[in-house]
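The structure under discussion appears below in the form of structure tokens.
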Amino acid sequence: MIGIGIIGYGYWGPNLARCATEAGGCRVVSIADQSPAARARASVRYGSVDVVEDWKTLVADPRVDAVIIATPTRIHFDLALAALKAGKHVLVEKPMAATSREASILIEEAEKRGLILMVDHTFVYTGAVQKIKELVVAGVIGDCYYYDSTRINLGLFQRDVNVIWDLAVHDLAILDFALGISPIAVSATGAGHIKGSPENMAHITFYLDGGATAHLNVNWLAPVKIRRTLIGGSRRMIVYDDVEPSEKVKVYDRGVDHDGDVENSEQREDVYRMLLNYRMGDVWTPQLPVKEALLSEIEHFVECIGQRMSPLTSGASGLRVVTMLEAASQSLRQRGHPVELTGMRQAS
Amino acid sequence: MIGIGIIGYGYWGPNLARCATEAGGCRVVSIADQSPAARARASVRYGSVDVVEDWKTLVADPRVDAVIIATPTRIHFDLALAALKAGKHVLVEKPMAATSREASILIEEAEKRGLILMVDHTFVYTGAVQKIKELVVAGVIGDCYYYDSTRINLGLFQRDVNVIWDLAVHDLAILDFALGISPIAVSATGAGHIKGSPENMAHITFYLDGGATAHLNVNWLAPVKIRRTLIGGSRRMIVYDDVEPSEKVKVYDRGVDHDGDVENSEQREDVYRMLLNYRMGDVWTPQLPVKEALLSEIEHFVECIGQRMSPLTSGASGLRVVTMLEAASQSLRQRGHPVELTGMRQAS
Amino acid sequence: MIGIGIIGYGYWGPNLARCATEAGGCRVVSIADQSPAARARASVRYGSVDVVEDWKTLVADPRVDAVIIATPTRIHFDLALAALKAGKHVLVEKPMAATSREASILIEEAEKRGLILMVDHTFVYTGAVQKIKELVVAGVIGDCYYYDSTRINLGLFQRDVNVIWDLAVHDLAILDFALGISPIAVSATGAGHIKGSPENMAHITFYLDGGATAHLNVNWLAPVKIRRTLIGGSRRMIVYDDVEPSEKVKVYDRGVDHDGDVENSEQREDVYRMLLNYRMGDVWTPQLPVKEALLSEIEHFVECIGQRMSPLTSGASGLRVVTMLEAASQSLRQRGHPVELTGMRQAS
Amino acid sequence: MIGIGIIGYGYWGPNLARCATEAGGCRVVSIADQSPAARARASVRYGSVDVVEDWKTLVADPRVDAVIIATPTRIHFDLALAALKAGKHVLVEKPMAATSREASILIEEAEKRGLILMVDHTFVYTGAVQKIKELVVAGVIGDCYYYDSTRINLGLFQRDVNVIWDLAVHDLAILDFALGISPIAVSATGAGHIKGSPENMAHITFYLDGGATAHLNVNWLAPVKIRRTLIGGSRRMIVYDDVEPSEKVKVYDRGVDHDGDVENSEQREDVYRMLLNYRMGDVWTPQLPVKEALLSEIEHFVECIGQRMSPLTSGASGLRVVTMLEAASQSLRQRGHPVELTGMRQAS
């Protein structure tokens, strides 16, 4: 039975605590939060769990085998490093760290000590993303042409990170897991509309290995909530709409078959003639499992600890995502000037 | 009664012919098309109209007072210039010309001869875009923060222009008309997935005068048809969904009011506290007139000829749009490298 | 080449004329309408067609082999009977006649003379309804449990018929064709909200042979347009949404498998336990052909004339539909009191 | 501080317990359930609450001032009566009782003892239904023409009640509260498709005082979840879609204005002419409060106890709803034969 300690009981912490309670193979033994109000909420909810002010108390607690960190990004590094140094396994909130350098140090520390280091890329554990990966791996979409995501709403503005670090991080985690392709350059644009706040809107294009592209549209200041990703392939295309209550993933047997007409056609009306080569086939909506992603993720963390297995969302994936976030932010500051990304992934 | 000649009876020409027939104050006297099949279709449909092979015959026809040009973009310039030189008013398909230089020459020629030169930016004449302009001018949205448009479908690939010149042109015409703001730089990315075809997918960010941005997502290779534009403002936000059969324009009384909290708040949980400053008000869907846009446009053309009035979509607006298309294409070839746009608009 | 005469050039007539012009194997030779304005519209549009005031002129025209009747329902019988007696094939607008007695006489007359008598149940010729029939026949849905249709909008109030005769007629034609099952009783309720108008809202339940039911919700005074039919089966269920631009027919692999639990379960919480027997499978959206239904229908009419073949929507189907309309209207007047329907269908 | 006891911790009980914990002015002191599993769940969740097997223990507990009953309908009466006789206030799950006679006895008992008797018609406490009532009362929709509701999904089949008692009860509670109109007759049809189960599908029309009608379409065996109600009025119409995450209530300024044309028009083309009298105005989507309905309801219960105030969903409303359910079930067994409902409401 793995003993779990949770640092941070603000917005996301209560969800982690609930899932860690429900998950098999582990139990929550301690929760730390600086805020008295947060501690009061935790105490009422979990009568039998130690609720402490200082995270150092939690990290020092010998009953704690693994630490889950759900604090603002800027202190992920300090907490995770301390926990690893105390011999604890770590599951850290996304984004893994504030810089790729920090992420690298954490990976090294975990490896040195033989500890599990995992990043909470929750979407990777959803039935939808698991299904998309399955479809991609099975060749259902063929060659991947593009990933085009819109992730916008009237959201919580954050102070210490811009919208890229808050919302685009989800897409980068999905890309890293489901498509397993390596970015080679990025161009990002964006703007901040609220004085004193970081950028609340950004559009980011990643040029991927092999000619594909990924585009992310993220926005904290949109009137409607949209969570929709298009994945275009040579054989089929996927629409993943996370706002849909049940039909989240649709597979379209649509595309254009180019049997030479494009280049050879000399007719003046070729544009209409070409219509004949468009493929407009059926749509298929696979039924998805309904298990809560966060619960699956915690159970995976516990299993990885037990089996000394590398998690699906390991420190290495966390580092790749942070590296992409850094490059995107750099391009954003230069109005879309492309930034190279090299050597990010040795092997997928 | 203005005599109208139409050059090009392929994809769009029949719509122009139909509307020019229905519109008051004008009549179609001649249609020219190189293709025998197109001429046959025109003859069956319009028994009493001259249907000719050579556009020069049409331009030389003394009954023709005004020429409508609905041919591939690459020959817009030659045809329009010849028509103007023959003393005809001209309504030319979008985009106005293949280069800004060509567009400038046409404007000059029309001005010199006192002829009306108008560009078929059809969307400007829709009830939806007219309503949006009305809302913007009336201050309903406040300061414009952003324009964010998705215009994608499984579309007709074109050979001589990329997707920007085919689809983004609509948004640029809407931007030019409804927001009346001047771009100062552009960053565009994109890709071509079909060998031998131009780019079929692009994402374009325009940095606008005054801090606003405009983003266009255009794609010929999408599994679903989306035509949705978000316009974010300091007071309200608009969602314009052109695929909706009746509720195309919605005005959201939503946003974030920043009364200093963002900067001053020192609380650790400020992110939740700030929620209090979010404004989530009513939504209002104005009823739109149902008149066909193209018919309104043709009637406007005829009225401008009669009154020697500058059209809403004059040659000058056509030039501004072509200039933006050129700059976007240039940035696209450089993977998002920003391209400056200066002195585009003297007065809105 | 079948010569076609069209009586009535009001709302639907122009569509019939257009499709009869496009269809192979026939040509429109005459159009009759009492209204000078309608005749003017027809003349402008069809220069080479005789446009006459008196339908008797059209029926007497020896070039007319077949007559299409698109007039108010109350005169269908007189016109169709006169046309048949003049030896013309007849395609009559829905509903076929104002009473089942009239419909029977027309069938008899056509049979006696060996003429084709067909009813314009347009929906039967749509790709969607053809696909639904195909799915039903192939056993994809299993036993049919129910047909539940909502067909409402802010529609044209009619003077001579209530909403059942205007809107429910479509569903009855679809039911008759696609499910091929026989009603045994009907209960209908409804109301008229506009003084001097017939009922503009009705809800009709048909009890069908074999235990299935069909329910129709029709309304001329609804704020939104809905055209959605659910077909529940023992194996799968269909949702047919005619307002959807492209994904009109969806097949749901959903239902409940009753392996005895319902009856035997003695647990107090059986209601939750039973959840295990629910089937929530994939959704499949077949691509549908895009050919215009009315054009297919006219071509079918012409083919039936040429081959002396019984049409899919023969006089007999028209009679069955009118019989159901009569019974529903009778029940409606009695506030839902059930009305028996017997011997409606000898053989499907 | 009102002491609350909750009988039944199956499907709905946990929600009641959670809200009674969060609500001000009361605290949960005891939970009773026969099932050991349910008791175990309650104990884990509420460490400090007495969890007992026998409801009689709970009712006898002197700390319990008010009892909330969340058990199968068939035992509502016994439990509620016992609680009232023990001097406890009662909040009982919908439907209030299995028969109108039972409901009447409960009302009498509560009145005799001066106790609050309230029915859990949860929808009445939603922001959406509160807004609808507000709009109706303010005359925004004018005279009510109809209420037309579709409430279907692939739902939990129940053993002891048919779908009317499970789903239509919601609409009847809304009707009773928001429209405050009295039914005079009902016609209901339906079917059971699963052997051994009660009817899982029903269509019910209530004829209301003053000429309006209410129709309810309820179904446990539908492939998709629909929760949509149309309310047609002489001035405006409402669409209430409870599946919509945020825009649940829309007010349509649409209808038909009948200025005598319908009766007097003698033109043959009156049907098109009448189009001019259709009103197609704006749509307005009021923002709704987001407070959880059940929490508001519990707080209302507590307030009613404190103030000896009659609840919005009093025993009397529960009785009216049960009476309508009984009449609908009676008509259902007779294939739609209308059943009279008289003297149901003395004063709204």
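Order of writing sets the chain letters: A, B, C and D. Residues in each chain are counted from 1.
Simple rule for what comes next: a contact is a pair of C-beta atoms (placed from the backbone, for glycine too) under 8 Å apart; a residue touches a chain by one contact, two chains touch by 3 or more.
By chain, with names taken from UniProt: A, B, C, D = Gfo/Idh/MocA family oxidoreductase.
The structure displayed is predicted, hence computed values, not measured ones.
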Using the touch rule from the top, work out which pair, C-D or A-D, shares more C-beta pairs.
-> C-D
Between A-C, A-B or B-C, which repeats the contact pattern of B-D in over half of its pairs?
-> A-C
Rounded to the nearest whole Å, what is the centre-to-centre distance of chain A and chain D, using the mean of the C-alpha atoms as each centre?
-> 42
Please work out the Cα centroid separation of chain C and chain D, and write it as a whole number of Å.
-> 37
Got the chain C residues that touch at least 2 other chains?
-> 280
Sites on chain C touched by chain D in the complex = 10-11, 34-35, 37-38, 145-146, 148, 150, 152, 154, 156-159, 185, 187, 189-191, 193-197, 201, 203, 205, 207, 211-213, 215, 217, 219, 221-224, 230, 232, 234, 237-239, 252, 254-256, 258, 262-263, 265, 268-272, 274-275, 278, 280, 331, 334-338
Provide the residue numbers of chain C that touch chain A in the complex, in ascending order.
-> 247, 250, 253, 280-287
Report the residues of chain D in contact with chain A in the complex, numbered from low to high.
-> 47-48, 225, 243, 245-246
